[in-house]
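What follows is chain A paired twice: with chain B in the first complex and chain C in the second.
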Partner chain A sequence: MRLKRTGFGWLLLSPTLLLLGLFGVFPFLYVVWVSFHEWNPFAANPEKVFNWANNYRALVFDRGFLASLGVTLAFVFFAVSSQVILGYLLAQAFMRDFPGKAFFRTIHTLPLIMAPIIVGSVWKLMTTPSIGIIPYLLRNTVGFDLNIGTSALAAFVITVIMDVWHWTPLVTLSLIAALVSLPPDPFEQAQIDGADRWQIFRHITLPMIAPALIATVFIRLMDAMRTVDEVLMLTGGGPGSATRFLGVHIFKEVFPRTNYGYGSAVSVIVLYLTIVVCWLLYVGLIAPRTTRR
Partner chain B sequence: MATVQIRGVTKRYGGVQVMHGVDVDIEDGEFVVLVGPSGYGKSTLLRMIAGLEEVSGGTISIGGRVVNDMLPKERDIAMVFQSYALYPHKTVAQNMGFPLLMQKRPKAEIEEKVRKAAEILDLTKYLDRYPRQLSGGQRQRVAMGRAIVRDPQVFLFDEPLSNLDAKLRVSMRVEIKELHQRLRTTTVYVTHDQIEAMTMAHKIVVMRDGRVEQIGRPLDLYDRPANLFVAGFIGSPAMNFLEGRLATRDGRRVVETADGTALPLEGAAAEDGRRVTYGIRPEHISVGEGGIPVKVSVFEPTGSETLIFGRLGGQLIDALVRDRIEGEPGQTLPFRIDPRRAHLFDTATGVRL
Partner chain C sequence: MSEERKPGFLPIETNWFDRLFIAVVLWVALSLFWLRFLEPLGLSVWIAAAISVVLGVWIVRRG
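On to the complex of A and B.
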């Protein structure tokens, strides 16, 4: 009560609020503001020119943007769902005891500590048709010619695989944490109650790890929606616009063309889409369980 | 309903043997309590009956079928865990209906059985609640409800009352007993609390170190404990043990303690001079004329009775008397021992003489 009266609590919070405002709220509002302007600071007229919602209106008719949105959603869907399935299976595997478990668990988390730009360049090396090991092996084993420079599908699939390679460990780690914290008794009880392995997964494990699982999916979803550096390094968004994901699209709008107003508008839309997708997931997965109460 | 036969069951974890040939016969409809101090193998035995632990040797049969290699779900048993093991994300009704759902029974049948079980257990109001919204006693009842909806051959209870407070434990004890009288399902119940064992069981199996110390009806164990362990474990407050030697004084057999006190006996089938442990329950000692003088250290009045702690020679002895006795610590009171109620054990082996 006394804290409330003197405002001393606000004083204690002020450093956090200041930093949050400085690095979070202000830039966000600034981007929103810029998105309503024509602004090319390196052009003949470097001034911001207010142009109402023209940037947003242009977006709707921008085929490049719409194509980019399509491949991004496909990328997010394939990458995140593969990561969740693979991550869960790996987490279950690491719940068991086997020789060398600690070693494998450590190895398996190494991709997480690599910078995306490095991941992108390493995968570029591995997939370049003339020198890469992946095209070489595919050619010599199954006779498949992998060329991410010419095949749109191949490029798309490789970006998904790269993302899965990079980020599955995150899912594994958070699911291991969730599984370890589960009480053992309900699982034994379920065995006695007559559930088989699939039923135990569906009725017991899945609902009990759902909070951790959904939080992980949200994190991965938001990250995947704004993937830039790895893909830019690997394919440059090509061939054509096969891997021109929204992040790459924004980058290409803003940096070579210095079209800051338009780039800001795309960013705002990406943020909005991310919120919408997460909200849909939330409504679809969590809300039905809470409202039934 | 079914019989349960446990024959020569052993359990090994790696090189360590924790259960050494346990034999127990459980009749159809019987309420059997496995009792013993914590960590002495009774829960392991129960989990082997449930199929949650492998049997290293011997056989376990339920209803005449050897179940050693059967999965828990094939054994037609229901179990209530100490933690209740409720599914936190399911409502009371869903928790109770889960075993039936797994058997793919029709929805109407599941609802009907859950409703009936809820009525028996007074849970009807709570069917839509989640476990976290219930008190400990209600959760306990939900766990029992989940067990009874399946109408299994055997109920297994693993220390089901240990997480409840003392008052609730007494009332749940009564409820479980009533439930058994109503359903007549064969029940195996594990507890470390000898009062639970005494009050609920048709038959008690006292276990220690992975061995059966004694099997018998509650009052038989109380009246004729087979050894020092059972004598000390069954009964509360615990039996007094006084060490001494058999002797004959004035033509009567007695146990003579180190300080020369003669403890009365009635018939003793062993030779004089043998080292023995004399057992007498506190409730079989009264205070009155002609008793053995005991120096009292503490009085514990509980209202209905008084517990008196004292020393005889160097040995502790306590008496539980109906009368309200008030006195000063340090005073001497005459303890009268009923010789017909005395127990005699061989000090070296602990076996009853």
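On to the complex of A and C.
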């Protein structure tokens, strides 16, 4: 059906377009504009000075930025893939009946309602060597001394675990919603045809929950790429630059160093990378292919 | 928006806006690559911009 083109439709859309333009498009264009300037409002010259692509020129040679790009991509890969796998297993578990199911399904979403800054504080308390429960238990059970202040690997792993703990319930909830909406017929037919559990998962469940799964992966991927507050509270980006993710890198450029132009350039590149990664996933997994005649 | 056209060289179904998006993504990627590896050899980044515009027009028209 072809919709009539009337001004009334645009009138109905105008509040949304206005808000989107004011709070989405304008700030984005402003950041892009600032990224082409040398701007430190607290320096001797607080004016913006147009410097062409000098911020981007500095960025591609900045070892700090390239290191934080590497750790961010590693963090995103480990955190999001763990969340998807664990989230799916939990969703399948919550599809079965067991005593206390409603209770467990409710409390497993509690991390979701905690502010990231609180999550970071709580995990810092739990992992501080002298007072934390995790180093205490690891030392007394397996004899491992956990110190996220000195071990780069331990800090990175704990950061991933914290993110998985915080955000797996979101994946679980999305996948529960997808799983409960699946029709039972294809599963019964597959069982009659003698399909095993892996075949049912691979050829029926996975294709049918793919849209929900991919939407969830996109949300988590975008969130993980710009994670700041949890990590800033837990490790402050250290030790060294082990957990200095791109969001933390931008924070340190913009706030302590007040280097707004360079910080904006890094922000634009983070947005660019996020869009490219999501787009590549979309092309690789769900984009309709051209049919050649 | 729907459009009737012969399939282009891209392996996925696209409209003109998708192809413009791909062109911009490639422009940024080529510019960053150029700034990092080719500009230090004396090649101006404007060459990358010119290549990107030609590439972009080709992708939007034939992709």
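As a convention for this text, the second predicted complex is superposed on the first by the 281 of 293 C-alpha atoms of A that agree within 3 Å, B and C clash if a C-alpha of one lies under 4 Å from a C-alpha of the other, contacts with A are read in each partner's own complex, and residues count from 1 in each chain.
We adopt the following convention: contacts are C-beta pairs under 8 Å (C-beta built on N, C-alpha and C of every residue); 3 or more make two chains touch, one makes a residue touch a chain.
Just so it is clear, the model here is predicted, and its values are computed rather than measured.
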Contacts of A:I133 with chain B and chain C, given as first, second, both or neither: neither
First (chain B), second (chain C), both or neither touched by A:D193: first
First (chain B), second (chain C), both or neither touched by A:V49: neither
Which superposed partner A:V283 touches (first chain B, second chain C, both, neither): second
Touching partner for A:V25 - first (chain B), second (chain C), both, neither: neither
Intersection of the chain A residues that touch chain B with those that touch chain C: 289
Touching residues on chain C, where the partner in the complex is chain A: 7-8, 10-13, 21, 25, 28-29, 31-32, 35-36, 39, 45
In the complex with chain B, residue positions of chain A that touch it: 183, 185-186, 188-196, 199, 203-204, 207-208, 210, 289, 293
Chain A partner contacts - residues on chain B that touch it in the complex: 50-52, 71-73, 77-79, 81, 83-90, 98-99, 102-103, 130, 146, 150
Residues on chain A engaged by chain C in the complex (per definition of touch): 53, 56-57, 60-61, 269, 272, 275-276, 279, 283, 287-292
